[in-house]
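Consider the two complexes below, in which chain A is the common component and chain B and chain C are the respective partners.
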Partner chain A sequence: MADKIFRINMTTLSTTVEDIPPAWAGHGGRGLTSTIVAAEVPPTCHPLGPNNKLVIAPGLLSGTPAANSGRLSIGAKSPLTGTIKESNAGGTAAQLLARCGCKAIILEGCPAGDSWYNLAVNPDGVTINIESDLAGKGNFELINTLANRLSSKQGIITIGLAGEMKMTAANISIKDPDGHLRSAGRGGLGAVMGSKRVKFISIDPKDGKVAIADPEKFKAANKIFSKALVDHPVSQGLGQYGTNVLVNIINESGGLPTRNFTAGQFAGHDKISGETMYDKIMERGGKPKHGCHPGCVIQCSQIYNDINKNYKTSGFEYESIWAMGADCGVDNLDHIAEADSLMDDLGLDTIETSVAMGVAMEAGVLAFGDGAGICRILKDEVGKGTGLGRIIGGGAASVGRAFGVTRVPVVKNQAIPAYDPRSIKGMGITYATSTQGADHTMGYSVATNILKVGGSVDPLSKVGQVELSRNLQIATAAIDSTGMCLFIAFAALDDTTCLPALIDMINARFGINLTGDDVVNLGKYILKTEKAFNEAAGFTKADDRLPEFFNYEPLPPHNVVWDFTGEEIDSFWNF
Partner chain B sequence: MNITVRLFAFFREGRFVEEVRVYPEKTTVTGVINDLGINIDAVGVTMICFRQCALDTELREGDQLGIFPMIGGG
Partner chain C sequence: MADKIFRINMTTLSTTVEDIPPAWAGHGGRGLTSTIVAAEVPPTCHPLGPNNKLVIAPGLLSGTPAANSGRLSIGAKSPLTGTIKESNAGGTAAQLLARCGCKAIILEGCPAGDSWYNLAVNPDGVTINIESDLAGKGNFELINTLANRLSSKQGIITIGLAGEMKMTAANISIKDPDGHLRSAGRGGLGAVMGSKRVKFISIDPKDGKVAIADPEKFKAANKIFSKALVDHPVSQGLGQYGTNVLVNIINESGGLPTRNFTAGQFAGHDKISGETMYDKIMERGGKPKHGCHPGCVIQCSQIYNDINKNYKTSGFEYESIWAMGADCGVDNLDHIAEADSLMDDLGLDTIETSVAMGVAMEAGVLAFGDGAGICRILKDEVGKGTGLGRIIGGGAASVGRAFGVTRVPVVKNQAIPAYDPRSIKGMGITYATSTQGADHTMGYSVATNILKVGGSVDPLSKVGQVELSRNLQIATAAIDSTGMCLFIAFAALDDTTCLPALIDMINARFGINLTGDDVVNLGKYILKTEKAFNEAAGFTKADDRLPEFFNYEPLPPHNVVWDFTGEEIDSFWNF
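Entry: the complex of A and B
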């Protein structure tokens, strides 16, 4: 059976199952969400109005046995940035949607009235149901309740209270194999789902399976691909320390944004590092390794227990720990874990919300280092939708505007993540030129600036940074279309067997003959499609700039500023 | 000369987090790595005073040397 488009119109409360237009057939993941958003969403529409559409797409390899192929892409016009947006996450939903024969879900329109709804997806299509029990509930209660209502193997895509309140830092969460959550964090997509009044989507593939055109070729390629991932030395550190292994190396390089981007090193770095986190996990009976989807061979997630050895959080990521830690001056890992759990329950992007807290600290709302205060504000203000809570839930730029702060680390209104662009200049180019606001995952120049993966480019020099970011952003857009976790990129950059094996798997899945050049061209097409949407929405190259304070505030310890000219930044688009 | 050596990730196991160690003049980064019994092939990044350095760089009195295995994340 050919894959279909599952369309849900929330204005008319009707659903259809449609054939895939030929122009969309070769796409998956981000390539498909951006193609559909560009084709069907008026670029000037209000992101929370009836003309925006939430598009949910598995990748080209989702639902196959391919290692690390569990990422789900979610796209729309972002209410945070006003640009096109794709945010992806692990969990089981991508694999299960693919097994439903679903190429993409298109969620459009807005219902009249105050009812909340759930959507039930299976291979026959989608049904829309009134949801009276779980509206107003947090993500954890929702997952626990659905564990009794649905079979445990069903996938769940959900929003928390932040999404219901249409906060622009709201994320969309996806259930993992153990009932914990992964999140499509960036860009406020939870608010778009909330604007459609859909509380959750369940996915039941029944006995659906993904067909593979050439199973033997697929199996052989997957073996080579998996071996490349497992053998790469970065995978070892990721399995032991999680992504939080980065705290110490980014601190050592002087690029760890600290106390709202006023320093590049944090005195408490070791207390919040991956090494310390590993020791606490082992002392408290947690698990250092945990996969967010079946088939992951890297296992960078973990189970982090509290001091009483009770489960506290999982998927405890470097970006989240940096943002609540160094950026807010907090060196207590348990406060950070509590805040991480609260944000998962409320359905908030941990980067956006925590950077917003850092700006609020600068404004004097609470003191730098006050981890308990962050937790209190999350519970009593953000969770209850008070005025202050809605300002913080609106993200870092929202806090800056409300309190008259000039040091506001955002690009296109989206918070800058865990690498200071003054001392890791390749990341600054990615933040400035990304089609989606500041986002490290769009083109991870840190790999080559700091980690010496894929070669070495001096992080403090401007030389080579534009070309590096361009190549990475093109490659990333293509990888984001496959359903693959981005961490395959470390092996892909260093191991010459990795990318050809990935392309072989795509070819074996569909019975086609893509080449490496086709994949590069796919990445270029995606970036240009996204840029064209943004231009039609009113964005210009003047928006591809970092905040002014980076130009005049030298960052210790290297005491460097952001020194790219506009012309140099704009040369990114010369392809 | 006195060199402050900082180790990270699994390089700390059975060794230390940070130590001031005494080495002869002209000791290189490789010399320190060998002295500590670290497999040079496992080394990903070395930094002297927060700047990346080559393995054959000669250390100077008071330098702070960070030694990392090949790691990644993000």
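Entry: the complex of A and C
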């Protein structure tokens, strides 16, 4: 059975199952969400109005046994950035949707009235159910409530209170195999789902399976691919310390943005590092290794317990810990874990919201270092939708506008994550040129600037950074189409067996003959499709710039500024 | 003595008096502020950072006896719109600055520290004084305090608490001959002044006078000019009922935006009309006619007393009354007067703030019709800088973003004023194409669409609207350079003696020989200079569009939508 498009119109409360237009057939994940958004969403529409569409697509390999292939792509016009947006996450939904024969969900229109809805997906299509009683519940309570109603094997895609309130820092969460949550964090897509009044999507694949054209070839390639992933030293570091292995590394480099981007090193780095976190996890009976989806061989997630050895959070990422930690001057890992848990429950992007807290600290709303204050604001202000809560829930730029702060680390209105562009210049090029606002996952130049993966480019020099970011952004766009976790990139950059094995798996899945060039061309097509959407929405070169303060505020300890010219940045697009 | 540029650098706390570059010599008012901003402000700078500049310029005829020549232009990059901005107002400052030999004030840089400053201007230049004790005071208390210190003849330019808090709806106020206030309202220029930590500017012309090259010619021309103004029927309506004469007229046309732009007529129109206001003024011992600056022969301002016959407000404009009235569903003129007074005291643009209240009403923050609620929010939230207060003080788009509202009447982030573009289509072209965001004063197509001044163009038809708005915008840019009140335009459009007399006065003032063509070319130059700044700041055709909801929500009673294509709108710039 060929995969289908599952379309839901919330204005008319009707659903259809449609054949896939030929032009979309070769796409999955980000390639498909961006293609559909570009084809069907008017670029100048209001992101929370009836003309925006939320597109949810498993990757090309989702639902197969391919290692690390469980990422789900979610796309729309972003209410945070105004650009096209794709945000992806783990959890079980991608694999389950693929097993439903669902190539993509297209969620369009906005319903009249005050009801909230569930979309129930199975291989036959989608039914729309009123579920207003579940509105107003946090993600954790919702998941627990549904655990009593649905089989534990069903997938769940949900929004928290932030998404219901259409806050532009709202994320979309996806249930993982243990009933915890993974989040498609960036760009406020939870607000788009909220604007369509869909509280959650449930996915029941029944006995659906993904067909593989050449199972033997697939199995052989997957073996090579998995070995390349497991053997890479970065994978091993990620397995032990999680992504938070980076706190000490980035601090040492002088690129750890501290106290709202006023310094590049944080005195309290050791108290929030991956090594310290590992020790606490072991002391408290947590789990240092944990996969966010079945089939992950890297297992960078973990179970972090509180001091009483009770579960507190998982998927406790470097960027979240940096944002609530160094960027807010907080060196108490338990405060950070509490805030992480609160944001997961509210359904808030931890990067956007925490960078917003850093800007609020600069504005004097609370003091740098006040981790308890962050938790209080999340609970009493954001969770209750007060004025201050809505300012914070609108993200870093929202706080900057409300309080007249000029040091606001955003590009295209989206918060800059955990790598200062002045001292890790390759990241600055990615932030400036990304089609989606500042986002480290769009082209992770840290790999080559700091981790020396895929060669070495001096992070403090401009030389080679544009080319590096370009190559990484093209490759990333292609990887984001496969359903693969981005962390396969380390092996792909250093191990010559990795990428051919990945391509062999795609070929074996569909009975086709893609080459390496095809994959590069796919990446280029995606970036150019996304850029064309943004241009039609009114974006220009002037938007491909970092905030002005990076030009005139030197960052300690290297005391460097952002010194790329506009012309140098714009040469990114020479391909 | 030739006029000079008075430059104040707040970073170094130093001032200079400079000769005028030849390219600036022929400019005044908006022509000069836009020329200087375009020359000296980096288009992509942060509007509240050290690289933005606040430019204050009297018009070409300011300080002369020319009738209605008391408008002061204030320009900068706007923190509300991100575009270049000029906002002008009456009061005595323009005339007094001209008498100081000040062609323009350029206020640049930002000081370190927490002090607040006064700039004291006299014919010798500017001194900078610390006045931190006056910070935190409302405009009325500030003016009263200064009345005890300064001669009543000194001019004062001030910001209220909104400007101190850098709210993007903050205005800049200018003392009028009676010690009341006039405001340069649009675009958040008060926040720019606040970012430079200047609480007020005082102007002491001493015995300075404006020289006139040919006094006899000037006097003769002024006589013709004044007569043209006084004789025009619109001037007479303005003198009796103020600008609020328009409530009944615009309501009758079906273009009075009501309850956040969901209808074009307001059932309570009669209770807030100019006629009703006139009756109340007369009953309560107010003044129906009042000039905002010496030499005004139209006198559209008034003194509105409360029910106890105590002074409540003046300069009680149609657009303010509409915004708090019909747009918020409030039909109590005393609530509206109270809110007007509160906004004047806080230093808030009445249009931006009141349209923001309408959006907040739609979001459920308060109910439509709750005039007392508006006053409470202004006092307890905006005035105290609470979260909700900062959201409202950020203007209509800020409220829309915070609460996820899609019906947000703004162009380039600035609130649409009192004329619905669906049923007064000429205004829609002005809102869309203006270099400064939605602003009726940029090209007042109402004149010809509704008032039948300068001919007649059907307000419900697209035919002729682009050309009308183009001609009006060009003429307005030129008028805004002279120091003239925009209300001379009615006479200029209908009375063939008016414009030649105005040009004769300029020629007599400077001993030059401008022609009518020169004036048109000046207007075109200003618009194109402003557009070039905006383009360098990243604005495109996509920004020259009305919000999407105007396209799909028909406006009662005519049940019309906004139906111009992008191509039709963009033809505005074919000159």
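Definition applied: the second predicted complex is superposed on the first by the 575 of 575 C-alpha atoms of A that agree within 3 Å, B and C clash if a C-alpha of one lies under 4 Å from a C-alpha of the other, contacts with A are read in each partner's own complex, and residues count from 1 in each chain.
Simple rule for what comes next: a residue touches a chain if its C-beta (ideal position, glycine included) is under 8 Å from a C-beta of that chain, and two chains touch if they have at least 3 such contacts.
Not measured: the values here are computed from a predicted model.
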item: Which of chain B and chain C A:Ala23 touches, first, second, both or neither; value: neither
item: Partner chain in contact with A:Lys166 - chain B first, chain C second, else both or neither; value: second
item: Chain B versus chain C as contact partner of A:Ala2, first or second or both or neither; value: neither
item: Which of chain B and chain C A:Gln240 touches, first, second, both or neither; value: first
item: Partner chain(s) touched by A:Ala112 [first = chain B, second = chain C, both, neither]; value: neither
item: Touching residues on chain C, where the partner in the complex is chain A; value: 42-46, 48-49, 51, 79, 165-168, 191, 194-195, 381, 386-391, 394, 398, 401-404, 406, 536-543, 545, 547-549
item: Chain A to chain B touching residues, read off their complex; value: 233-234, 236-238, 240-246, 248-249, 252-254, 265, 270, 274-275, 300, 318-319, 440-441, 444, 446-447, 450-453, 456, 458-460, 486-487, 490, 557-558
item: Interface residues, chain B side, partner chain A - complex; value: 6, 8-10, 12, 17, 42, 44-45, 47, 50-52, 66, 68-74
